[in-house]
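This is the structure I have questions about; it appears just below.
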Amino acid sequence: MNKPPVNSLNLEFITELNYNFQELEKSKCRGIILTSALPKVFSAGLDILEMYKPDLKRAESFWRALQDLWLTLYGLALPTAAAVNGASPAGGCLLATSCEYRVFVEGKHTIGLNETQLGIIAPKWFQDTFVNVIGQRQGEISLLRGSLYTPEEALKIGLVDELATNKEEAIAKCEKYIAAYAKISPGARSATKHQLRKSALSWLEKNRDFDVKIFIGFLEQPQVQKGLDMYIQSLKKK
Amino acid sequence: MNKPPVNSLNLEFITELNYNFQELEKSKCRGIILTSALPKVFSAGLDILEMYKPDLKRAESFWRALQDLWLTLYGLALPTAAAVNGASPAGGCLLATSCEYRVFVEGKHTIGLNETQLGIIAPKWFQDTFVNVIGQRQGEISLLRGSLYTPEEALKIGLVDELATNKEEAIAKCEKYIAAYAKISPGARSATKHQLRKSALSWLEKNRDFDVKIFIGFLEQPQVQKGLDMYIQSLKKK
Amino acid sequence: MNKPPVNSLNLEFITELNYNFQELEKSKCRGIILTSALPKVFSAGLDILEMYKPDLKRAESFWRALQDLWLTLYGLALPTAAAVNGASPAGGCLLATSCEYRVFVEGKHTIGLNETQLGIIAPKWFQDTFVNVIGQRQGEISLLRGSLYTPEEALKIGLVDELATNKEEAIAKCEKYIAAYAKISPGARSATKHQLRKSALSWLEKNRDFDVKIFIGFLEQPQVQKGLDMYIQSLKKK
């Protein structure tokens, strides 16, 4: 990902990511490593400008594109690993937890679904993806608090699988993860993966319109817009 | 809870607890800490006298009140914590695990769903609440055995989040848990919580009559009445 | 289990196991310990000869018998424990994880659902049984990789409950597990167990034909037959 300054996920970037994943899936590559070309950020998550004082038609397209991206990434037949080389809050954490394996570069950044800290709600499929990695109990407490975890903490609760001292090492560890599948039948692997993730994927497939409606209804709440406004002001001060 | 000698949950006490939770939910309080005014017992669980040689009409009211209590407590928008300052078997453990956070006072008491030890069955929603805290595997073995855990054991398996040396410290830790939400949007928090607990809550909402029928059918079994009789005799000896 | 050389599960052996479990269930015995009379193998899993160049009618009977065996074993009212005294891949691991408790004899053998290593897929109910023991995250990574675990590794991830230095000790530990239920009401115990395992059991009960169809369709794939052929050749070399 290389969309300065923070790989924020807007409609265009989401669409591009999804397209690239689908093209890689069709290609003969052995796996996908998701990482950031930026020095300090993996992905800052959803672009708040898509949610702040939104054009509702675009907001709906934005959300449907995000649904598409997740359905693609979470269901990819290819082995997927995230070399998380910087901050990875909210939607950034969704991308990382949608991969099969996560290596987190040590440093002063954090990872987590911090939606409640922003006054917003992680959708059910964000929650399911997250809970499938760290379990129901740890997931509940993390989601309620909107916790962001340092690399050491993230490793301890199983939110990431390994740490690395720098991006190159993280990518090397991801490559090792993917290489471990060299002798495994891709068909057996992908059918196994699909079966394990089917329950979460099916929920969204069956509830796309409902999920869009929730999102739009949420954007239309004055207190949500007020919260986003405050958050944007605080970012400007930084 | 202050219903000597052991905070046993009979129809009246359950109704009162539910009413109080609902009133607190409507009030402007920041959270709820559930604890006991009694020295050695958090709650001994369901009042066995509601089940022993029952009037079936009252037994049905009793069970529906318990369902109501759990639907309220497990789904509360407010932050909830249990300062478990004494024995907490069966229904007492249900109350504790229905809260978001548990601090267990050290001592010679235990916590757990020990229904099988009494010859009875923890209903599905007791099980779901329990498994959502400690996971499927630990939940299965604990429920089959009807295990009761000391404070140290309960901490180790994640059935409680922290230990405390006395009730005051337990309450202080619960307060700290609740205070951590001071800057979190209550709306975002409660929607997140509801979404995480929806699957368990929905099951009971959809199966209330079925669940009552199971309970009543169970009370009508001679061997269950015999088991309760033996248990009551053993309590009298103590 | 005493079907040399490796307790492979063919139609006849599966049918015999199922019959024996059902007879023991009807008897007055206190529990079932599943172990192997062979020195190095608990069970090598499904007999590949039932899948290689199959007669489709027999293949369907084979699969339905396996479904029956699992529905019986996973749902047994009696306490069940596996004294895993040797290699326990694939279907062997299914048998072990379908019991309530597992003791693994130390040695140079392994346990796991290694289906992807063989180019095949562990069915949904194999996965559910496995994930109910070790959790979703560890289950996913293990199933994708087709990992086989040494006794020490299996203990660490919770795939087995205890280790033993030899078969006698394993059986003694299983006996101790079963004896712990001596004072527990069998009716309360079995109803508790059934309720905990109902979701997995119900899935197969409702999807038996679908599951057979998947299996047969899978056998009819040329690459699967090719994979089995290669595997059989490699076994012959050994």
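In this document, chain identifiers A, B and C correspond to the written order of the chains, with residue numbering beginning at 1 in each.
In this section, contacts are C-beta pairs under 8 Å (C-beta built on N, C-alpha and C of every residue); 3 or more make two chains touch, one makes a residue touch a chain.
If you're wondering where the values come from, they're calculated on a predicted model, not measured in any experiment.
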Review point. Can you name the chains that touch chain B as well as chain C?
Key: A
Point to revise | Type of chain A:chain B copy interface by residue overlap (half), same or different | key: different
Exercise for review: Can you check how far apart chain A and chain B are, centre to centre, with Cα atoms defining each centre and the answer in Å?
Suggested key: 36
Check your understanding: Got the chain A residues that touch at least 2 other chains?
Key -> 131, 135
Review point. For chain A, which residues count as touching chain C in their complex?
Key: 79, 100-101, 131-135, 158, 180-181, 183-185, 187-189, 191-193, 195-197
Check your understanding: Inside the complex, what are the residues of chain A that reach chain B?
Key -> 115-122, 124, 127, 131, 135-137, 139-141, 143-146, 223, 227
